[in-house]
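Both complexes shown next keep chain A, but they swap its partner, so chain B is in the first and chain C is in the second.
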Partner chain A sequence: MSETKQLETVTVNVDGVEHAFPKGMNLVDAVASIGSEIPHYCYHPKLSVVGNCRMCLIEMGMPMRDRATGEALLDADGKPKIGWMPKPAIGCATTVAPGMHVKTNSPLVRDCRNGVMEFLLINHPLDCPICDQAGECRLQEFATDYGRGYSRYTEAKNVKPKRTRIGPRVMLDDERCILCSRCIRFSKEIANDDVLGFIDRGSYSTLTCFPGKQLENNYSLNTVDICPVGALTSTDFRFKMRVWFLKQVDSICTESSVGANTEVWSREGKIYRVTPRRNDEVNDTWMTDSGRALYQLAEAENRLLRYAVDGQPSSFEAAIAASLDALKGRRLGIVASAHASLEEQFLLKRIVEVTRARVFMAYHQGEGDGILLSEDRSPNLRGALLTGLIDSLPAVDLSALDQALTAGELDSLLVIHEDLSALGVSADNLAKTKVVFAGTHSNATSEAAQVVLPTLTVFERAGSFVNQNFRAQRFKSAVPGPQGIASDLTLLETLAALVVGETPTHPDVNTVWQSLSVANPVFAGLDYNGLGSMGVALEPGPLAELPFVETRNLKYNPR
Partner chain B sequence: MAVEETRIIFKHIDRQGYTNGIDCYERHGGYAELKKAVGMEPDAICAEVMESGVRGRGGAGFPAGMKWKFLDRKSGKPIYLVCNADESEPGTFKDRQIIYKDPHQLIEGMMITAFAIRAKLAFIYIRGEFFEGARILERAIEEARAKNYLGDNILGSGYSCDIIVHRGAGAYICGEETGLIESLEGKRPYPRIKPPYFPAALGLYQCPTIVNNVETLCNVKHIVNMSGKVFAEIGTPGNTGTRIWCVSGHVRKPGYYEFPCAALTLGELIYDICGGLLPGRSLKAVIPGGSSSKILRADERFKGKLRDGTEFDWGINDIPMDFDSLSAVGSMSGSGGVIVMDDTTDIVEALANINYFYAHESCGQCTPCREGVQWMKKVTYRMCNGAAREEDVELLRSIAGQIEGRTICAFGEAASWPVQSFLAKFNDEFVAKAKAQAARNASGEAVETTLI
Partner chain C sequence: MAKTKVLERKPLSLAERTYLPQIVTGLKTTLVNMLRPSVTLQYPEERPVIPENYRGVPTLVKDPNGREKCVSCQLCEFVCPPKAIRITPGEIADDADTAHVEKAPKEFDINMLRCIYCGLCEEVCPEEAIFLQDVFSVSGYSREEMINNKQKLYELGGTLPDRHRKWDKKKAAELQGAAHH
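== the complex of A and B ==
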């Protein structure tokens, strides 16, 4: 799309080396882009610049010009003479400019950082051993780089409120707070819920909620993410696990069609938290609190853990055999899911073709918040369109299926994930039909089903989703699934092969993508690994004109 | 021979029978300059102010005409005029006199300025503690509005502008112009980062804004009266007009005194005008421009070169009272608050007192000032409470060095300059105090606690 557009660049001399940066780039970001770092606390690329932490002080100079003629002054070597600013400047409020010179590691700059670090630590409780932020704390990191190693401070430290619950999901320790105001700016500028502020003055300044208000919006946990220290912690994650024991795996949030990029943090097969991963095309650096809580579904009480036939536990093979019995030679209906991955939908489409089944699907909708929760509460509706599983937008419920069952047009059903009784299919109709249910959690439909095929959650399998902007994004398996459960791809491939009497293969996402890229020109030349961590914007053609339910949100502009 | 006061701004203030009502003001020729100004081209007034060379009286001493020139007129946004009446610098009490005793002079100066810069609306941001001052100004504005000196179509000129009085809530930082603007917008007075938020381009409500001190705005009236050229003849080149010196401390006649710039020396001010020190006392030090300016030691010799190249070698009494001379001796004329200390002063306690003020007033926005100034206060307090250590001198010097030049606004300098200058000039007293206290503590004598 616009990725090939040539950006205007400016040349800046950073520590003696010339670099080209896009025009208008922030100096902190610019230096980060060349693999170096200007330490900072209050600066955040997605929030307004306040320049209050003073950690990013650098030396900055511009080429000198003759006042009368305006011509550049040159030194003895014929190089431009640099007029260095008399005082250090903050990198976060500096925009790259042609000919600019910066020193990010001069003695003065290091002295500034040492000074700021000392000041930040004098009233800090230094309770790292019991602090949840330890291991991912900027204060700890920069104290290692720029700390004195001992304290010159012999006076009494300030006392401030500790363990204040400022919202249902966020705990505040004011003594650890370095007053960077990131959380305040986030609440105001991104979450549109201005509830945080400082009270009192000077070194007694204290972060707090407005009287009678709480930090309870659905984005409150982002303040925990952007808090550079341990002042704001998540009540859910607090004291559960040290971050350095956790493994991070890239994933995609399944809450809505936004498809926020996430990181899943796990240890020994157990997920401890989900945090947003920066993707400027999708979710910037944010995600919803409700999306983070979805990891709890992986260990939910009603998780399906065993294959079952007629209510009795069975083996995979026996369950497949019973499924084939229901699928083959009957008037079959398939209830597909927009929660299934692109790869799964593609395999399901093969089953549809060989069984000539009728496909039904529901459009799960909810209220959008205009930010990162869209009205379409499924991660992959557009995938179902692109794989050809459906050719138009589905209805919000399955009353069409109910009518077909009432009219006796169908003998059996293969249901992926959905709970039919919640979507308008009567219990009577369900009872008189042979149902094969494949899904992660039990519901009324799985209870009524003759065959239950447990499947894996998004955290346990690999695949890809196509989000609201037709961006294909991949997710990886973060933790192993429950013991003895085959992957969704193996399950679908086995069914698809055995229905026509072929020998099933053991597919993975890569092999499915080989077929996928041939089957639909939208995917031509792409493969699973090629999606990369940031995803690939697809060219959906006329599909984009469908009347999707999403309204404007952070990254979505309806046509 | 004593130098005579030349009162321009304070011409009528404290005169027998002079009241702050509009009738009295008009009887003394008030609002004549506004009448003259509305008949002039706005740019011509700006040119007069430029020619007058009048420098800001709030502390920084930046030429007012230049400030007005920086106004962003291309943006098409409304222009605002803000009068900074948040006079809070310790040692300074001149603006209060104008507001309480001659409010119409300020209003006239403001309306001329507003007309000259084509302001849409003008504000007076008045210090929270000036309760009565705010009432006086409100009443004076009503009086002036009744006579059409402000409001719609001022004196038939077609120009309309009003003044809104906004009371602060008692915070020193509201005197910092961008902090003042934030406060005026209804927010915490956190000073803004510059760049990009220079008031002349992105000021009040992100519109071009001029913020001037009370005394500066009053000067505009007199510049219109006598023309910029004549005004520039008062004082010396670069230091034009009169200045009101607010003398406090150990002198017999503390008070406010108005003199042309460089018309007298610091010694003349102390000994001739203020009646000298109390009997039997000798001069120890002077802070010449409000508590944030650097202290001058009485027995110092000040040598150097002025901007025009003349070399000088002054004792403390020889320093001419103007912007450039005080800056040449390493201090500043600041807001004109001259604080005189005699030999009874405990210099450590004096610094502890100043540090208490700045620690109390630091807004807390940026790290060095928030943490460092409080730390300096705690150290100097400890020094006054019997636990001074010799290494505290070096510690204080280091803390001040870590603040100066690294903060969002000039408060960092205002708080660190006193510490730096006190330590540089009275290092011996700090060390002596530490030694004395160490000896006292070792001998088991009672702890010395001198600070109130």
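== the complex of A and C ==
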């Protein structure tokens, strides 16, 4: 990190004002960082530069030097003379350089943009009323900002293939395509699945899949995100809702320990889509398709929607009373979850302490793809280590718990989220044990449980996860949970307090963080709001040396 | 202290005392109005003539081919000040005649208890599919009855001439195909 402090800066004059930028910064990014804008379509900060849309044309000049002596030439006022390039240059292929002068809004630049917009709109169909991109379309935005406002084109527009399925999750409309090639570069450079390309020439240029191939990799929906127009649209989100109705809330993907930063788009309590949020330390601007589909869990058929005792619907109070009966004065086992948030794990740790329960945990693993899907398929295993819920890496399954149950060492179980029968606990052992299940979806364990305590999904509660790089990241509640279900924090706090006969409080993430920052020096000085939208890298100390299952991926590099 | 000004009360003239001129003036007014054409309508048996640009109940219209013009872009839902409009967008089946339009409303509800007849929905519609026409009187026995669903809206709207034929042209171009292939 010490390198970033010593970053060299260069001074660039943008529209007459001197600004200092880090050396090597792209001009489009540099101008964006001072709150101004160079409009662009094909440039993307995480992809290679091609410079084919010509929208980012600017005027550029450098201080003139005497050819013989190399000394700076000065004008009458004693200021350096600027040699402006005779023609505009594209901003995206320009790196900031010392003394560089840039005009982003001169008459010539405005003329250039106007001309580029007119050419782009010549063959662009009037599909805005039926186009999913409307409302977040760069072409729409720049047409109003920089376009002429009416069309001079009287000939027939080009006809190209429409409504083409180029993959299981992506639709292509070639008439809308402005040939920026972002999707092609993404497939090639990030997803390592080179399936897209242009065919034909001139105004007949058409985006298409290579013969016999499909855009079906697990990152295909990122092409939809980066498409500046409505050429690539998501089949899942297709015609579901206009984006201007949707509310965006920052969240974290729970698919794997990568912890991709996401935005959850919802309207009136219904989630319509999940998109990645830029975080250069975690996921750049990408996320997996499978991670996006997880929003469907919030409205899944098997969602647990009511408290139940012995299979009969009950009230929160009755369910808590029945749970206490199972927790108190028995040989208790607690099955913790790496899907629980840091705050919930911290509260669960309190229950463990007061009940002296044995803690079991499963290490959910799957195949990683080396990009943004890691081998650890839970978002918060490192949180469980940091809160002290577990002190070493858990086993892949719960056979230890099964053995303990077979040996009759435990009378009752408090299970958070996990499905025990899928993790190697036999049905017989489950049946003879008193089980309290707290989770979001019904499974074999919730069927067998005496007490079922429904909880909220990641979209409905607030909290934080610690990802593969020990980065604490917060997620916010995007939609309200099902009616009458208490938050996980309230549930765990109520259990923890009542087990020792205290009066339960109503905790929120902030109050839990107050205790958390005292309990573990790793969290000292931090609070929920302090995590910010980008998260905070923690210093885990010796925990980082544990043999985690993750292998190298986009932002993880094990030593 | 406000000053009071005492006005002198003039005695009535002879004409005023007889009261006859006033009666004659009144009779004249009555006579003039008797001879004028009647403007009273025997509502509801008689109905007023509704002007062309009248803002009555919002309706959905079809084009002369019988195609529903609405493509559920939801701009009217967005612009509606009292939030009376509620649309569920849907997709047109691939084998339909109008498959090239791609999108049509699955459900389209206008809550006439909320509607304020402002006409913004008609003004914003990019497809000229919603019109405030000549129906001005709506009533019902329940709140549900007062919500016009898609079927009711098309019954009220009927068919209006289409000056642009945007989608017909689009289909013709699509059938003709790209010139270079």
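Going forward, the second predicted complex is superposed on the first by the 555 of 559 C-alpha atoms of A that agree within 3 Å, B and C clash if a C-alpha of one lies under 4 Å from a C-alpha of the other, contacts with A are read in each partner's own complex, and residues count from 1 in each chain.
Here, contacts are C-beta pairs under 8 Å (C-beta built on N, C-alpha and C of every residue); 3 or more make two chains touch, one makes a residue touch a chain.
Remember, it's a predicted structure, so these values are computed and weren't measured experimentally.
Novice: Using the superposition on chain A, decide if chain B and chain C clash or fit.
Specialist: fit
Novice: Looking at A:L57, would you say it contacts chain B, chain C, both, or neither? Reply first, second, both or neither.
Specialist: A:L57 contacts chain B only, not chain C.
Novice: Which partner does A:F239 contact after superposing on A: first (chain B), second (chain C), both, neither?
Specialist: Touch status of A:F239: second partner only.
Novice: Using the superposition described at the top, determine whether chain B or chain C touches more residues of chain A.
Specialist: With both complexes superposed on chain A, more residues of chain A are touched by B.
Novice: Of the partners chain B and chain C, which touch A:C128 in the superposed model: first, second, both, neither?
Specialist: Once the two structures are laid over each other on A, A:C128 reaches chain C alone.
Novice: By the touch definition at the top of the document, which applies to A:K162: first (chain B), second (chain C), both, or neither?
Specialist: The second partner, chain C, only.
Novice: Roughly how many degrees, to the nearest 10, is the angle at chain A when you join its Cα centre to the Cα centres of chain B and chain C?
Specialist: 90
Novice: After lining up the shared chain so the two structures overlap, which partner does A:L120 touch, if you call chain B first and chain C second: first, second, both or neither?
Specialist: The answer is first: A:L120 touches chain B but not chain C.
Novice: Between chain B (first) and chain C (second), which, if any, makes contact with A:Y204: first, second, both or neither?
Specialist: both
Novice: Which value in Å is the smallest Cα separation between chain B and chain C when the structures are fitted on chain A?
Specialist: Taking the overlay as described at the top, chain B lies 10 Å from chain C at its nearest C-alpha.
Novice: Give me the intersection of chain A's contacts with chain B and its contacts with chain C, in residue numbers.
Specialist: Comparing the two interfaces on chain A, one with chain B and one with chain C, the shared residues are 156, 158, 200, 204.
Novice: Over in the complex, which chain A residues touch chain B? Could you list them?
Specialist: Per the touch definition, chain A meets chain B at residues 49-55, 57, 86-88, 90, 93, 111-112, 114-116, 118-120, 122-123, 152-156, 158, 178-179, 197-198, 200-205.
Novice: Which stretch or stretches of chain A touch chain C in the complex?
Specialist: Those residues of chain A that touch chain C are 125-126, 128-130, 134, 156-160, 162-163, 200, 204, 238-242, 244-245.
Novice: Show which residues of chain C lie in contact with chain A when the two form their complex.
Specialist: For this pair, the touching residues of chain C are 71-75, 77-78, 89-91, 94, 99-103, 126-127, 166, 170, 173-174, 176-180.
Novice: Can you name the residues of chain B that touch chain A in the complex?
Specialist: Touch list, chain B to chain A: 171, 188, 190, 193, 195-196, 359-368, 370-375, 378-379, 382, 395, 398, 401-403, 405-408.
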